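Please find one structure pasted underneath; my questions will follow.
Which chain is which? They are A, B, C, D, E, F and G, in the order written, and residues in each are numbered from 1.
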Amino acid sequence: MIKKAFLILLVAFTGYVFFVAASARPFGSPRVVVSKRYLEKGLNETGSQNIVTSVVVLYRGFDTLGEVTVLFLAATALAALISGFPFERKERTEPSLVMSTASRYLFPLILLFGAYIFVHGHLTPGGGFPGGVVIASGFLLMFLAFRKYRVSEGGLIVTEGLAGFFYVLIGLIGLYLLGSFLASFLPPGRLHTLLSGGIIPLIYILIGFKVGSEMTGILRSLKGEDENG
Amino acid sequence: MSAQVSGLIWIVYFMLVTAGIFLLALRFIFGPTASDRVVAVDGMTTVTTALLVILALFFRRVIYIDVALVYAVLAFIAVLAIARYLEGGL
Amino acid sequence: MKVSKWLYTVLVLLLLWLFLTGSTSMEEVIAGIVVSVLIALFASDIFTEKGLKNLTPKKIVCAILYIPYLFWEMIKANLDVAYRVLHPKMPIRPGIVMVKTRMKSDLGKLMVASSITLTPGTFTLEVDGDTFFIHWINVKAEDVEGASEQIPGKFEKCLLRFLD
Amino acid sequence: MWNVIVGEILLVIGAIFLFLGSLGIFRLPDVYNRLQAGTKCTTLGAFSTVLGVGFIEPHWMVKSLLVGVFLLLTNPVSAHAIGRASYRIGVKLWKGSVVDKLGEYREGKNA
Amino acid sequence: MAENIIFYGSSIALAAIGLLIALTRRNLIKIIIGLDLMETGVNMFLISIGYRRGGTAPIFDIPLSKAVDPVPQALVLTAIVIGVAVTALALTFAVRIHEKYGTLDISKLREMKW
Amino acid sequence: MTFWVIASYFLGGIVAYVLARPSRKIGAFVALLFSIYPLYALIPALDGGFYLRFTVIPYYLHLSFRLTLLGWFFALIAATLYSLSLFSAYSEKRDSFFLLSSMFSAGGLMGVFLAADYLTLFIFFEIMAFFSAFTFIREHRRSALKYIIYSLVGSYAFLAALLVINRSTGSLEITPLSGFGGSVPAVMSLFILAFWVKSAVMPFHPWAPSAYADSPHSYTPFFSGALSKSGVYGLVLAFFYIFAGFFKSHHAFGYIFAWIGALTALFAGIYALLQDDAKKLLAYSSISQLGYVAFGLGLGTSLSITGSLFVALGHAVFESLLFFVIAAVYIRTGTTMLTEMGGLIKKMPISFIALLFGIIAAAGIPPTVGFPGKWMLYEAVLEKGYPLLAGAIFAASITAFLYCYRLIYSIFLGPLKKEFRDVREAPFPALVPLLLLLIPLLFFGLFPGYVVDVTDSILREFGYLGVPHTPAKLLSGLGTFNGLAVGITMGAAFVIAFLVHAVFSRSRKVSELNNYTAGEVAEGVSMHYVADFYKFIERELHGFLKLRVEALFNWIAEGIGGLGEVLRRVYAGDIQAYLVYLILFLGFLFTLYRGVLRW
Amino acid sequence: MVSPILAIVIPLAIAFLMPFFSALSRKSVKWVFLAVIAFNFYAAIMTFLRVLSGPILVVTAGIKPPFAINLLIGPLGGLLFLLFEGVAFLYAIFLLKAEIKEPVHRFFMLFLLNVAGATGMILTGDLFNLFVFLEITGISAYGLVGFKRDKKGLEGGVKYLILGSVGSTLFLLGVALLYSQVGTLNMADIAGRIWMLKKPTLYAAFIMFLVGLGVEAELFPMNAWVPDAYEGAHDTVTAILSTVLSKAGLYALIRVVFTVLSPQKAFLDLLLWAGLITLLLAELSALRQKNVKRMIAYSSVGQMGLVVFAFGMGSLFALQAALFQAVNHVLSKGVLFLSLAIMGKKREGLELENLRGIGRELPVTGLLFSIGALSLLGLPFLSGFWSKISLLLSTADLKLWVPLGLVLLASIIEAFYYLRTIGVFYTGTDFRFRETAFIRLLPVLVLVFVILYLGFRPGVLAPYLKGAAKELVDRSGYIGWVIGGLKP
């Protein structure tokens, strides 16, 4: 009890002091240095009307490649760690008919919605990551609703492998053509339409595929295979 | 450009929804069973979805509706997952 | 049949796409077609059983007519709940009753179950074959046996026309 | 401007039903009754809200309705899933419940 | 100052609660949840840094007079994905540990000490 | 030339390591060849030295060597002893790893004597310490580790001194420290600690008995006779060269050091009496002899320094001779325990003769190399007029008689054990060092002046006057010692005594196997005198002997170990504890910076 | 001309494709791995040579810093780059004959990404990008540690994961704090605007960075995961953790403190004492360890402490010594862990008692182990001696007598347990000679060769170390490279 109280005090103290340090900055008027330029020039420079997207895919695109790698890494590590795990659940209940039927009909719609999100990443507050997650959630729905629903591992591997590879390839094309990795070698295009943003939609589509297949792969690994299917 | 919504409406709307969320939170906290909490969560997701759409109107940004849609999809699947977990179907 | 299923799926998806984008510009439509085609390639089997046969004019009209009916039922349901919730004494007599459905297809059962849930005082707790178990918020003694007609019956009349 | 008026009314109705749904979840006695209230009222409340938004900003109607339709399609399913799971793991009916056909049915099946 | 307290205070409180959970709970899953909360707190902090009074989402589908800082949003996106990755991995560890040790009690994981 | 004096050992070590894998004898032989080159190079000449440049950031460090007379004196001793020890190693069929480490240790020692700067000195000191430990770390890990830890404490103390000196003077060259800014006594203490430890002068001796006893028998002579001289070398450098100014002006320092030396000589002698292991006995004897050296250095007069250097030389000769004898005996008997031997005189006559001369020298009896140095030390202390000190050092010389007697008696006299009935004389290579060492043992005893020629030059380099002498004669303020005359007298007396004994002896000759007594012999009870030879001393000094400084050092070591045991529990395996540490550290940092963070 | 960025992105691309290679041929995986690492090594050599004539600025997305992420490879980065890729290359050779549990291709994917992550950490010029690479390195390391999926591996892995993710969360918090006040994430840009920071924020950010990165840099008290993770991990994994990973964490810490935040006296003092305490505690803890791998793990922690201590001194000389010591630690620990891996194959478990006489059985391995250990102890004419002596000389230069004494004390303790270990390795007789395959010895031999070479020619490193140290001391130079006028 004393230990717990001590820990609470310690954490509270840490939080308090940190709050003091954090709130030293006057709130609501940040010292905008780089983002000022993004907001002022980003639209014309990159062609993406969603500035967050242009920051994610271009200005900080290298981060995003790393981010994709992190997800890939987690999927890999997870698959490695779970490998050989005895999934010996025998007493799984069957999903209800209502649920499985609903899932069946919702599944393509959710996939489409996911695709919509990552295709329009430069126009709406979406992008490859949420789009990919929505797609994976569609697969999750199927896993939940059908005990025997299967996703081919080969398909997932091919998708994520190629998506990742093409991502790097696009970066390398930029390096080759413009001397800079991930440089946008496509024109900004017609603003506010689907065909804008240079390489941004391209990359976001790849990310969507990659994230979708990776998250699905993670779910697949965690689901395991029970003896019925 | 677009029509203004009366301030009173906002007040009424947000007050009611806030009160609702508060009640749901109470149910979530007091349970008593796990199912009760899931029911509270499920209710909350619907309320939140509505709230996101309303916020789109409040800020006059249609793009936020996409957010509401994503949220609705994910919340639905999450609730299903919890339900399946509860009945031992995972 | 396969092509029919696939085409049907593509059409539905493309429609949804257009709703989502809210635009009919060339590139959006093309993108929509590409996406729909891709998804339909591996999802059409689970999405539909009858394919394009779903799209007869009669079925479409019935489906559209079903919507206001459902809404009317929903509003009644909500007022009912409002009454029970707001009433200080909470006048409820809950219980679970068993009903049979006439719907054959999965989709039909789903629609019936969902409709039941959204309409006054009832919600579908469990489905086993054609037997539905309904949680009823205000069970009257005489209802327990005649529930089958009372609850799903009213939807089924309508639903049977465009689903089964 | 009529559309704004309609929209506002719909919004208020939506808010009221959302609140009532929450109140139902809070007040009603057991999981099953709470689900009754929760599903019906919140769904209608949300639908009313999106419809209202669609009226106020007509350009948004399609998209906004998509949200509503999605909720309409999914909420009964999730309520069903929760209710079924609760029953299966043995969450008791409220003591004032009058009949439990499902319990009888399951007993008959097991016997 | 009020905004300071709301935004910073709540994100730091969230992080602190997460930390406290990680420090006091014995169950590995709960510890992972605690860490996740901590991360969420930090992400909230990051997001609130980018806030500007009257700012809106930096998406130029309409002309904007004032947008919030897009950079923290991009950062948080990355941080969230990373958090998901770590959490997934951590949960896998939990699964395997439960298999090998028969428990999720973190204090039983002392095969190697001193 | 100087370069090859050192490099020859390292090169030879590697070559011998490789060749000894197929054949140990070839390896030992090659090692011997490589060890003879430095001897050959050292005997004739003193050349200027050389520099090796090692560019190390952040400093431009270089290794430099220089052959000084003092270094030459010790280097020659070391090179000789090392070559001799390889003969013995040849008989013992030492393996490749031993050859490598012993060659490297010899190279390290050579580097110490030839170093021209502190860093070089330190480097070779380290090499010497590590590789001498490696010669026996495999068989006797505990004593080797003990030895290396003592050495490291010393050499790191030296390193610290080196760093201070470099910080103050900006140079690492070994030169007298004048106008030194820092605290001289502190630096000097650090500096001499290394050499103090290495020369095993009390109280830093505890490593020596176990290390000498446990090191390979063929290596111990070099270990004791030469490696310990690196300590003497360093002390001489410190007292009379580097810190000469301080040493001259602070008489108390020298006086105290002389006392430390005298007490070392005395107590180590007493301890030597009580040992049952011949090598331990010799180890304490060695410590005792180095006590004499320290004593002489502490007195700080020309005569005493000369005496010290002479004792150092003598010690190198007779102590290693004695160890070589033990090695030879061990080859045949497989033991070094005094209580397990006896009566070997007829079986191993050459070894007996060598041992006899060795103990005569160790006891400080003319005309051997053991006497002149001690004579000079006695003269010096009397000249100085320190009667108590003189008493202590005389008492020490009595102990030497006693333990020497015990040594020869236990091994060669008395009854012969049954199991040694068929023992033969040691193999020839093991006898070579015995025979060769007898030459300097007698020659420098008869003609101490040749040694004093060298020491005089050394002293003059340090600004001291020499000791008046002729080849055979030494002059002190109080008297004269003529080695040759004494030698002739003693020799004549010995011949006469032998004749008298041969002619007039009436004693009955009994077999060495005779147990002297008839009747039942209890098995397992040693009938040999030596078992309880000096037990009475142990009884009398019981309380005092328990006060061992070793216990203090062990206590410190165990304390550190125990601290480690406690501290490693910080790593408790509990992840939440780890998290708490992290948060505590955060809290600590906040507290540390509270002024800045304003709370 | 090879762009240094390829050393990060090519491994990523190949890691993405690894499952294909695995499907084609299970054996090809390790060769592909070796080939990629070889490419990285080549890139590192090329970059190192180019850096000699001036720093390299690599921009991404075709947009000049600070508006897009950039890499900056100065002398420090070049040196570490070469070191990391060289060591990784040796490990890749070593792994050719290693026994690895299934799924093998996942192991190599993780390993590859680990190397790429560490490379990214040292090359990047952006603070948040550093965080991303920190996570890549960390997550791959968690996976690698737990890869054996036995009790020890899982335990070590999860402990590392928990501490590591708390650490990186704190680091992120630090980044957030900095961004909130300077509005930029480019390290050079922040460095140039550090005056904009209020002091509380500067200090709070420092605290976050120190604690956050201290986890990876193995600083006390954030290093408690180290022994457990090292003990539980596969041997080669332990080697890369101890050599490359810890250095990457250290680099991040040093870069942040010296370049980004400006080296305040208060910060440096803290580093100094934290390093010293880490050193002492770790050495004391190692003293009574029975398991050799765990013992070396503690020793590794101690060495990191020593390096941090040296960095904490902050003088140009001390920084050079610290870098030299870090290089030597990489070399020695590589030798120790790899040769221990070879020994582990012959015996059950790595308890000291089990390894009796192993030096007789594996004479070459035993000898290499001994040389590695002796270099660590600072035996003259091994490279460790020179770094230690330069470190001590700079300690003396700053008149830090108490720390000097403590470092020497720690060295004595270290000598004791290493020599004890070597002694045990050579104890006993009559062991059958069964030396391991040459291909496994080769990497160790190369490392030992470098140790010996540097032991006799320590000066060859001098100019590079000096350049690297200058890069750390001269902040304005660094800022100029990035913001000023280096042509991309």
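Things worth noting here:
By definition in this document, contacts are C-beta pairs under 8 Å (C-beta built on N, C-alpha and C of every residue); 3 or more make two chains touch, one makes a residue touch a chain.
Just so we're clear, the structure is a prediction, and the values are computed from it rather than from any experiment.
Between subunit C and subunit F, the least number of touching-chain steps is 2. Touching subunit B and subunit C together: A, D.
Across the two candidate interfaces, A-D and B-E, the one carrying more C-beta contacts is A-D. Look at the CA centroids: the one farthest from the centroid of subunit E belongs to F. Taking each chain's centre as the mean of its C-alpha atoms, the one that lies farthest from the centre of subunit B is F.
Subunit C and subunit E have centres, each the mean of its CA atoms, that are 39 Å apart.
Put simply, the C-alpha centre of subunit B and that of subunit D have 12 angstrom between them. Centroids of subunit D and subunit F (each the mean of its C-alpha atoms) stand 96 Å apart. A separation of 31 Å divides the Cα centre of subunit D from that of subunit E. Along subunit B, residues 62-64, 66, 69, 73, 80, 84, 87-89 each make contact with two or more other chains. Residue positions of subunit E touching 2 or more other chains, listed in rising order: 15, 19, 22-24, 31, 45, 49, 57, 59, 61, 69, 71, 75, 78, 82, 85-86, 89, 93, 96, 109-114. Those residues of subunit C in touch with two or more other chains are numbered 16, 20, 110, 113-114, 124, 126-127.
Within the complex, the subunit G residues that touch subunit F are 158-159, 162-163, 166-167, 170, 199-200, 203-204, 207, 210-211, 214-215, 221-222, 224-225, 227-228, 266, 270, 281, 283-289, 298, 316-318, 320-321, 324, 374, 378-381, 385-386, 389-390, 392-397, 399, 404-405, 408, 411-413, 415-416, 419-420, 422-424, 426-427, 456-459, 461-462, 465-466.
Within the complex formed with subunit E, the residues of subunit A that make contact are 4, 7-8, 11-12, 14-15, 18-19, 22-23, 27-30, 32, 34-35, 38-39, 42-43, 49-52, 55-56, 59-60, 63-64, 66-67, 70-71, 73-75, 77-78, 81-82, 85-86, 123-125, 127, 129, 192, 218, 221-222.
Across the complex, subunit D is touched by residues 2-6, 9, 12-13, 16-17, 19-21, 23-24, 26-27, 33, 35-36, 38-40, 42-43, 46-47, 49-50, 53-54, 56-57, 60, 62, 65-66, 68-69, 72-73, 76, 79-80, 83-84, 86-89 of subunit B. Across the complex, subunit F meets subunit E through its residues 568-569, 571-576, 579-580, 583.
By the touch criterion given at the top, residues 16, 19-20, 22, 74-75, 77-78, 81-82, 84-86, 90, 92-98, 110, 113-115, 117-119, 121-128, 131, 133, 135, 137, 139, 141, 144 of subunit C touch subunit D in their complex.
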